[in-house]
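Down below are the structures I want you to see.
What follows is chain A paired twice: with chain B in the first complex and chain C in the second.
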Partner chain A sequence: MNSQQDFFAALLDPERDCPADLKTWNGSDPAARFAVYRNNVLSSLIDALAASFPVVQQLVGEAFFRAMAAVYVRHSPPRTRILADYGTDFPTFIEGFAPAGSLPYLADVARLELLRIRAYHAADAAPLNPTVLAAALAVPERLGSLRLRLQPALGLLDSAFAVVSLWAAHQGALALAEVDPDQAQCALVLRNGLAVEVLGIRRGDLVFIQALLQGQPLGAATQPALASDPTFDLGACLAQLLRAGAITHCTYDKQRPLP
Partner chain B sequence: MMIVSPTQATNGAPALSPQLPPRAGIGLKSQHYQQILERNPAVGFFEVHAENYLVAGGPFHHYLGLIRERYPLSIHGVGLSLGAQQPLDREHLERLASLLERYQPQAFSEHLAWSSHGDVFLNDLLPLAYDNATLTRVCAHIDQVQSRLQRQLLLENPATYVEFAHSSMDEAAFIGEVVRRTGCGLLLDVNNAYVSSINHHWDVQAYLHALPLHAVGEIHLAGFAEDRDAAGERLLIDNHGAPVDAAVWRLYTEVLQLIGATPTLLERDNAIPPLDLLLEEAQHAQALLDAIQPTRRQASA
Partner chain C sequence: MNTTASHAVVSAAALALALGAALAISSAPLTAQAADNEKCFGVAMQGKNDCAAGPGTTCAGTAKVDYQGNAWKLVPQGTCEQTASPTSPTGFGQLEAFKEVKQS
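Let's look at the complex of A and B:
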């Protein structure tokens, strides 16, 4: 017999009776005491989501956030013992959560916050020495076949909404009233030293970096970037990545990185 | 059953005997990293929750590495689910082994509780029925952990809100038997002992004296919240979000008189106050520790 099965089922389902084999010293209804466990599980997991998605909470208010998160927790309790990894499908849940339908950008703000959490805890990777890249860039005839490897913390978000501005407004960097949420934006999230940065990038930059992440060399990565955005500026994009410490290796040959 | 004690050589190499100093320590919180490095506060050790550091890289490892260079460390697990009616998660145990290998903590502890069911992690320390089936299971899990980690585990007594009708022994006897069978140590949470004694109308003195006090390797102190059960009786909630209660300080003093100065952690996991308030609480514990004569156990160590 697995008595923890009953206990477990009742924890996440408020409609279920509390387990049958509980007792209390004074004969009082154990349901009132079992409710402590129900509350601990639910509220600690809601707290974990609130810590990971602070801007989503600011956008909808604490009461709405906690009610929404409670539905999510009951529907998708953690499948990991590492709470930093909990909530990976919270943005998708938000997208389908009808009461939040009046804020169509909410799910993408959650996606941006998820990228920030991932970047914060991602594996460390030393940035490439700029002189190595400068030397490689100084050989124009081989530029097209140069491959760059980017830091594990790096993430991209292609949004139909002004996610970068919405996020920045909640950091006090600009006034929320000035943000038009329906303006499409692309975000680059990375970790520069110990600090996670959210950078607004152009569509061509996003396509280019996506191609780099797929292992394409510079030449093959530049083509789709220019096709999607004729203003794409390879030099400016590389300079931005380099400044942020996002490039960790460069090589002409997948097997042998340059020193 | 396999017995791993901290002084036992396990591979023919000289015995390693990592121990926390018998001083007051505090929980390490990310909002305090920089202040700790700037100020080097006089605490005996820091404690972290293992699961917070099972991440690949970034600031958590950066700061823990720097702080570990300066202070003794206790790693406290909350996710092993030692009491679960299912096998231990081997992957989780392997991750813990790597973390302990990396930081070489002076103590590793876990809870007499379960927190997972199937592949779901509930993030709470759930209560166990104290019967022979649970005893066999918990001991097997502790054996597995100690033999994988090649070190002694300190097992923490839980704070509980319900008891099970089919329990066949009391909690202190259960813990005593686990310690006897596995050679694990005891992390005596004095607040939990107080909370459970109020919640279940136990005699806290009798409870403490029935525990295997010789095996205590660390003490936890924390605050609780107060509620009422369905009959209107006091129901204390172990919330780690308040200062230590006066009754728990008194109990702590009595424990020190019984077992001598013992590494003592001030736990605060919710409503984290400024570092100075945590340090003040630790100083209070330190003053009580300083007032205790070394026991024979420590004098001969």
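Let's look at the complex of A and C:
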């Protein structure tokens, strides 16, 4: 192990000794100076997670969150210099973190918060001009093969828990006491300008949007949505996507986008 | 009929209807909507309200029951009080939130 790896390993593991050969400018104890640095690295990474996962922190309390995050930071230090990308596997970690086992929905709340961060940093995409769709409407026999492309910020979460309500309750939109966490919910994350929005959608909407993301044309995407949810309302779902400016392109085949 | 069309369970007419409705709903600018529509209480189906009053139902699509008296839907101006609402004391939608009467 070279001295750099040694230094790094000692930063994350308080059981390790201060790396050898460290010198201080004023003759103070290198171990004491190193302990300060170690503490700053850990606490700044925990702060970054707390900023990224505010609702998870509110659900478990600050003390629990910081202890859990400290275990995670030591287990999965950042792999990139972009701190906004830190924590992509935090939800998976939470799922396996035994002390949080009594809150089975916690990992999915973290997944929703991760989708919000992803949406916030996603590329801009101008919404499709509705006149293009109006023109497509004039040729109804080709509608089934129309493909819609959606904004890069769009994210979907299919949860066995009431993730949307739990999240909304922490934005002051509903009372937490009224939320039944065991009610399965689907979430749609979109960005409108700089505002990231979380919408509760029905199962059919989720299946339909998933199919669109896979590049399925309108006809083929509608079938699994109706099969999974007979109450699926294509018009309402498309209206929601249009209103949110979530549809960015449409084309009859993958090669030639419509003007 | 070509193969794509014969495989399609969802008819072109149904797609056209849905897309047409979606364009109509979404193309109306919000200001025009506010001018041409009225908030109608007690006519929205469960989960289909545009927005709602009262704790637990502050967002669109959260009405817990059909014809919930404190949930409203935007409807074209003048049509609210002509829209049937089995929970409404008047039997029709109302421009203000109301207490539902028990459905028989």
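The rule we apply is simple: the second predicted complex is superposed on the first by the 249 of 259 C-alpha atoms of A that agree within 3 Å, B and C clash if a C-alpha of one lies under 4 Å from a C-alpha of the other, contacts with A are read in each partner's own complex, and residues count from 1 in each chain.
Assume a residue touches a chain if its C-beta (ideal position, glycine included) is under 8 Å from a C-beta of that chain, and two chains touch if they have at least 3 such contacts.
Keep in mind that this is a model prediction, so the values were computed, not measured.
Chemist: Have a look at chain B and chain C on chain A after the superposition and call it: clash or fit.
Modeler: Chain B/chain C on chain A - fit side by side.
Chemist: Using the touch definition from the top, say if A:Pro230 reaches chain B (first), chain C (second), both or neither.
Modeler: Neither chain B nor chain C is touched by A:Pro230.
Chemist: Report, please, how wide the angle is at the C-alpha centre of chain A between chain B and chain C, in steps of 10 degrees.
Modeler: Angle at the centre of chain A: 130 degrees.
Chemist: Which chain makes contact with more of the residues of chain A, chain B or else chain C?
Modeler: Between chain B and chain C, the winner on chain A residue contacts is B.
Chemist: Quick check for you: in the superposed arrangement, does A:Gly219 touch first (chain B), second (chain C), both or neither?
Modeler: It touches chain C, and chain B stays clear.
Chemist: For A:Leu238 in the superposed arrangement: first (chain B), second (chain C), both or neither?
Modeler: second
Chemist: Which partner chains sit in contact with A:Ser44 here, chain B, chain C, both or neither? Use first/second/both/neither.
Modeler: A:Ser44: touches chain B, not chain C.
Chemist: According to the stated criteria, A:Lys23 is in contact with first (chain B), second (chain C), both, or neither; which is it?
Modeler: first
Chemist: Pick out the closest CA atoms of chain B and chain C after fitting on chain A and give their distance in Å.
Modeler: Minimum C-alpha separation, chain B to chain C, in the superposed model is 24 Å.
Chemist: Could you please specify the touching residues of chain A with respect to chain C in the complex?
Modeler: 130, 133-134, 136-137, 140-141, 143-145, 168, 173-175, 178, 200, 202, 218-220, 222-223, 226, 233-239, 241-243
Chemist: For chain C, which residues are in contact with chain A within the complex?
Modeler: 4-5, 8-10, 12-23, 25-27, 47, 55-56, 58-59, 61-62
Chemist: Report the residues of chain B in contact with chain A in the complex, numbered from low to high.
Modeler: Against chain A, the touching part of chain B is residues 51-52, 54-62, 79, 84-85, 89, 92, 114-124, 126-127, 129, 161-166, 199-201, 227, 229-231, 233, 235, 237, 270.
Chemist: For a test of understanding, state which residues of chain A touch chain B in their complex under the given definition.
Modeler: Touch residues, chain A against chain B: 2-5, 7-8, 11, 21-34, 36-37, 40-41, 44-45, 47-48, 77-84, 119-125, 152-153, 191, 194.
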